[in-house]
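In the two assemblies presented below, subunit A is common to both, partnered first by subunit B and then by subunit C.
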Partner chain A sequence: MLELRLVQGSLLKKVLESIKELVNDANFDCSSTGFSLQAMDSSHVALVALLLRSEGFEHYRCDRNLSMGMNLNNMAKMLKCAGNDDIITIKADDGSDTVTFMFESPTQDKISDFEMKLMDIDSEHLGIPEAEYHAIVRMPSAEFARICKDLSSIGDTVVIAVSKEGVKFSTKGDIGSANIVCRQNTTVDKPEEATVIEMNEPVALQFALRYMNSFTKATPLSSSVTISLSNELPVVVEYKIAEMGYVRFYLAPKIEEDEEETKPQA
Partner chain B sequence: MGIKGLTKLLADNAPASMKENKFESYFGRKIAVDASMSIYQFLIVVGRSGAEMLTNEAGEVTSHLQGMFSRTIRLLEAGMKPVYVFDGKPPEMKNQELKKRLSKRAEAQEGLSEAIEADNKEDIEKFSKRTVKVTKQHNDDCKKLLRLMGVPVVEAPSEAEAQCAALCKAGKASSHLPCVYAVASEDMDSLTFGAPKFLRHLMDPSSKKVPVMEFDIAKILEGLDLTMDQFIDLCILSGCDYCDNIRGIGGLTALKLIRQHGSIETILENLSKERYQIPEDWPYQEARQLFKEPLVSTDDEELNLKWSPPDEEGLITFLVNENGFSSDRVTRAIEKIKAAKNKSSQGRLESFFKPTANPSVPIKRKESKCVLRSFKPAIDHKMSSLRISNWSRPMVFGKLRMPIYNLGSELSVPLSRGVCFGA
Partner chain C sequence: MSAESKIIKPIAKGIIHRICSGQVILDLSSAVKELVENSLDAGATSIEISLKDFGEEWFQVIDNGCGISPNNFKVLALKHHTSKLSEFHDLQSLTTFGFRGEALSSLCALGNLTVETRTASEEVATLLTFNHSGALADEKKTARKVGTTVTVKKLFYNLPVRSKEFKRNIRKEYGKLVSLLNAYALIAKGVRFGCTNTTGKNAKSVVLKTQGNDSLKDNIITVLGMNTFNCLEPMSLCISESCEVDGFLSKPGLGNGRNLGDRQYFFVNGRPVDMPKVGKLVNELYRSANSKQYPIAILNFSVPTKVYDVNVTPDKRKIFFSEETSLLQAMREGLQQIYSPDNASYAVNEFMQPDSQKKSSIVTKPSLPCEEHYTECKTDSKDASESDDDDLFSEERLICENIRGSTGQEFILRAHKSLKGDTSGRQSASAHSAWRNQATRVSRTIDQYSSDSPRHVQSTLNNFVAVSKRKHDDIITALSEVPVLRNQAPHHQLKTANTETNDSITRSYIHLDQINETSKPSQIENSQQLNPDSINHKSVNSLSYRDGSTDREPGMKLYQENTTQLADTATITPSSNNLISTSEHVLVSDSPIRSSPLRLDSPKSSGQKIFSNMQFSFQDLKSRREKSSSLMQPRNYRYEKHNGKSHYTAATLELSQPESEQQKERNLAAAATELERFFKKEDFSRMKVIGQFNLGFIIGKLDQDLFIVDQHAADEKYNFECLSQSTILNQQPLLRPMKLELSPEEEIVASIHMDIIRKNGFTLEEDLNAPPGCRYKLKSVPYSKNTMFGIEDVKDLISTLSDGDGHGECSIIGSYKQDSTDSVCPPRVRAMLASRACRSSIMIGDALGRNEMQKILEHLAELKSPWNCPHGRPTMRHLVDLTKVRKRSELSMQM
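What follows is the complex of A and B.
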């Protein structure tokens, strides 16, 4: 038995919009700590990890750890039918092969039930170790989205380099090249407009812009984005969901051929 | 060729071991390709109509070069790193099989000359396919081409499939960057030789739009509930290239027997001698040995696989000047090879994060075993109790009364599943 009531239903709508482009089918995992999802894109280059903690729900009942396989496009279709101010309740019975989304209007005069078929999805679950990152950049999410969009009109790969000067996004393409540098800036009116750079070591990594652009679909979830970089690890692009959790995107870097060749074979 | 009926046997008995993947999803992977098999395919398919083949000015066949060139570029463009493995000296045990093939080819040759005399187009097509033979010259041409393209070539001491499997296994054991991810061939032998992952249809032309079929040996063994040794015995019983099989025993019977008795030795002890005729000279032990410990090269130096930039001048001399390829096409293709390098550099998450078990249980039960039990008399009782629990849910809103009432009747389907919960 599972019953999760989320007063701010629009959050769930936004979450779905942010991940459905990257992943087609995924298992939602439900436990006493929260409602979560981990899924890779079909080419196994990017991974999305979602967590909505149980405390963020008005009512949260989950008797045992369950996973529900859903087609994200179909789920998004159903959630689109919810109003932005609606309260959304997710319900499923043990052994059932459907999940029900119930939308209540704020005035309680309209209640809709949408039932969706669940699927069997064989998905690999990856263990993501806690890691110390060489550099962590926090910046306005809209700014980051703009940079990714602009650069992808020039090239298909972005180099993200963090140094003392700031964070540099650069690309090269057939028509030319582009460099965008963002400096640390904390003297702003609102804290979410700040750009904060924490750096232990300078770092530079290359990523496919196609994926970065897909991550920025999560921009409506949070006014700031955190980018964590380490030379040996995939980048993490995190959008915090106020008081509830996060959507994190992991992206494997592009590796220069020669580097790979000289890497010690453990 | 390969193991008789294995694909179907697996599809029926270990469906989880087969997975269809998009061609593109293999980017960044190192793939060992059974070269002889591919060349054979190219000779049959590329630019051949009836008995006519694609040739250069001197009249030498170039279908294999054409095929190898364009298909390899397709792999490179998708970001894959192919390594081609060529057959060495066939094991003695294969002589019988090879003789059979030779006589078939001779038959086909006769048929072809007859068909040409009678001008029967269908038969010409049929027989000329069967007369195709991969010669040493074809192999050498392809090796030369691949080296010019900067693609590594491995010459197996014996069977290419065995060498492919060995490359694939070696990669798994030693490094965190897997050396060779999978073996690509059409020959199911590769699995018997123990290739951890085996791909079919990778070398098919893109126009066919066939997805790549990936076989996973670990899942095969799990699905069939056999050990690797038993699987090898199963393949020998089903019929392989190295010895005859027992008349009247096909894949399915073989699987039953292996599951029941565990090995060929015990099967032979228990098999009814009246019903089945065991071939007098049946070297199944040697065949087993060949699959388990085939002659392969494990020399690190030789297997040091390097993908290098193409030799542009060399390619133009070889393809355009010597074999009559269009100069424009070759130049364009070289550009493609160079551009492809960028794609193969994309990393994969699996090289950073390792798979773990997911603690959650799917809410949707797999139906297989449960449905069978739904006719037990207990069903009525449980049905009513479940219905009650449904009614007691605190969610009866005005508008929803009707649908919920309806649910009662619709519920009979999930309920049968509910029964097996208790059972």
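What follows is the complex of A and C.
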């Protein structure tokens, strides 16, 4: 028996909006500690890790570990039917092949039940190693989203270079090139507007903007974003979900060792 | 284990016989194939195959080959008995189709075999019956011409499973047999093939009938039809000193190919074989010239017998070459020249109007101008000859009848002629008189000349008439009468490519004679300026006819111009133009005179010598003719001249080497491609913009031709080529390698083509310890902008590579695939680029300024292959030939 009651229903809606573009089908894993998801995108280029800890729910009951395969698009369709301030309850019976989403309006005068069929998805759970990163940048999420959007109109890839002075986003395309530098800035009124750089050594890595743009779909979840970079490791773009958990995106940097550039032979 | 080790013991002879026989004779077509090959090996010139109920009841192969001598009767159908091979190394010098000595014995084992045979040294034929083990069972005398008839009844009746299968699929088998026979009928020169089938009580139906022609060209026409032949282009390729490829291939351009790749025949020294790699190569290269169709290919590889091995499969359809890689490489280079993307030929758009139908029919019919010419002077020359020689007269009448019988076209033409009205009436009348003069004079001079000369002419004429009568069935176009005959000799040569070499030489000989004779009077009657002038003129005129016959539209025009001029000279109204042309003509008449003493001195010298002599004068004449024609026709626009020249050269080739059949074929093809013109991509930059049509098309003018260019397709292609040059595929490593589920076969292909896969932006990781099927993991994928390529695209790529050419061909693939325009890449890459190019291009409906349009055309000139947009739409079409429009408007003014 599973019953999760989330007062901030809009949160779940935002989570779904942020990941459904990357991932089509995924298993939601429920355990006594929380509600989590880990999935690769269809081309195995990016990975999404979501965690909503049990403490964040008003009511959390999970008798035994349960894995529910869901089509995220369908799930998002159902969640769209919930009002922004509705309370969402996720319910599932043991051994059942459906999950029920219950939406209660704040005034309790409207209760909707949506039942969705579950699906069987075989996916291995990947152990994501906790790693030390060479550089960690925390910056306003809206700023990051803006930068990615702007750069993708010019090029395919972004080079994120972290140095003492700040973090530089640069791109090159057919029409020209662009550089955006964000300096370390901790002297702001609101802490979420700060740009903080923690760095062991300078890093410069190149990423596909297409994926970065997908990641920024999670911007509404958090006012700041943390980007962790290391030379040998995939980048982690993390959006914290207030007091509950996080959405993390992982993306491998573009291979640079191949000097000759691949051209389509059309 | 329950299965105990069994004793190994020899199989009984009879069983071996039956087992092996079933391997040699697989189906109807392989059974008949063996018999046909035997007949061909026996030197037969006529092979007839008759089937009863599609071969289910019985089939029979009747030939007129050398027959089988009586001392061979006993061993004829014994296994591994043959006259074609005695030592193993004889395989290397094999020239016969068969060599194993298995066919007849296998047929014995699988059906009831009877053989009727007679050699030239015997008086009666013998009917041999064999039992199933191949031993001679019965022998009795029978009546038959020299040759052999092999009959097999109830094939496969003693193999129950195969017999069932055979009966069930008999139609299919029959179809396979017919297509196989087509292959033999195509390549066998001088062998008459016939195939008939009788079903139930119905009458025989003829499936295949050929004439036993001497050239591949004629075989193609009889087997595949004239329409198919018109779509073919001769090709000949010298791969090395000893290795040559010749044959026919589809012309480039839409509509010339076939929708199925079923008409691809490959032969090695005349043996029909399967050459999948060559076939693939041809198909691939043809795709650049005609993206939607398959080519027809009839290619014969002439290679020394020791560089290939035919002893591979029982049906001998598979062949191993020792130098296959270099052969394919050379083929590729040769074919690329034919299907080069730099040039495109396009069909000239005929400008049609309802009232001009007749006219355009003249323009398109190749031989019509000449026919018109015949009809005109037919009556006159008849008169002329009546007054002269009886023999000649009869000769002529015969041919005249020939012409009458052949086609009704001339009557229409005549009608058209009268339509042309008064202006031309007088001209033609004067032309007639000139002709009459000339004809009488010619025939008189024939009389006056040394006694053997006319006789010689006579005999060759006789000869020729006989030939032409014989050919009458095949050739629908009219042959010519005597005075025309000499003018038309090369033309005729073109038409009847398989006329004997001798004939063509003697005919040119006549031609020379006549030229001499026409020029002779000009020498004698110098005082009478007018007459010889017109005669000279005539001789030139006739030359122009001859040229015209190979050169459809200019010929037509020349004819008109010349008649006008002739009329002018006759009525002595000298214009400046006229003066030039007369002087030209006098010059022209010089050269035959110069050559005439030579000819007269040695009237009996070898044909060869006269021949070369004549060749000179012809070329001379021709070059002069060309000059004078350019003087006469200042409007003669570039294209035409260019064309004309190429056909002059074609005609020259014709004259200089009438011995070579192949050459003739080529020239015929050259003459047939007249309505197509060559357009180089550089010509785009020379094209002048006239304007925009319907906000979608650019009308451009190049010399005297109007072209229509699709503005969107043109710009799209330019953008596409730019994009494919500049687009960089980024490589994106996967977070976790993905398992590629490939079949073991595909894994081998992947391992061979690792570099191509890598070049396309995919990285594979090989795990040698993994079980087959999951050895490869995808480590990184390419992407560009918002398009991501994934596992499906790798699989696509691998399957393209695998059906590209099987295994072991990596070296060639590696080198040529990267350089060629259509190298391997996932189809989605192309689709992606095409869609990007499309979106960024000028659209239909965009109004364009002159400069923009000019720029589009200039862009086209720079492209690798500007003929089609990436989605396959053509960028350019020919609209109209302005000279024709002008000419008609002139004509209508005259009327």
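We take it that the second predicted complex is superposed on the first by the 256 of 266 C-alpha atoms of A that agree within 3 Å, B and C clash if a C-alpha of one lies under 4 Å from a C-alpha of the other, contacts with A are read in each partner's own complex, and residues count from 1 in each chain.
Definition applied: a residue touches a chain if its C-beta (ideal position, glycine included) is under 8 Å from a C-beta of that chain, and two chains touch if they have at least 3 such contacts.
Keep in mind that this is a model prediction, so the values were computed, not measured.
Of the two partner chains placed by superposition, subunit B and subunit C are both touched by A:His44. By the touch criterion defined above, A:Asp174 reaches subunit C but does not reach subunit B. Number of subunit A residues touched is higher for B, counting subunit B against subunit C. Of the two partner chains placed around the shared chain by superposition, subunit B and subunit C are both touched by A:Pro253.
By the touch criterion stated above, A:Thr107 is placed in contact with neither subunit B nor subunit C.
Touch criterion met: A:Arg210 reaches subunit C, while subunit B stays clear of it. Touch criterion not met for A:Thr186: it reaches neither subunit B nor subunit C. Overlap of the subunit B and subunit C interfaces on subunit A: residues 40, 42-47, 126, 157, 208, 234, 250, 252-255, 261, 263, 265-266. Those residues of subunit A that touch subunit B in the shared complex are 2, 27, 29-31, 40, 42-47, 64-69, 92, 94-97, 99, 102, 111, 113, 118-120, 122-129, 157, 206, 208, 232-234, 250, 252-257, 260-261, 263, 265-266. Within the complex formed with subunit C, the subunit A residues making contact are 40, 42-47, 126, 156-157, 174, 208, 210, 234, 250-255, 258, 261-266. The touching residues of subunit B, when paired with subunit A in their complex, are 16, 22, 24-25, 27, 174-177, 306-307, 341-342, 344-366, 395, 397, 399-400, 403, 414, 417-418, 421. Partner subunit A is touched in their complex by these residues of subunit C: 720, 724-738, 759-761, 763, 778, 780-786, 788, 790-791, 818, 823-825, 829-830, 832-833.
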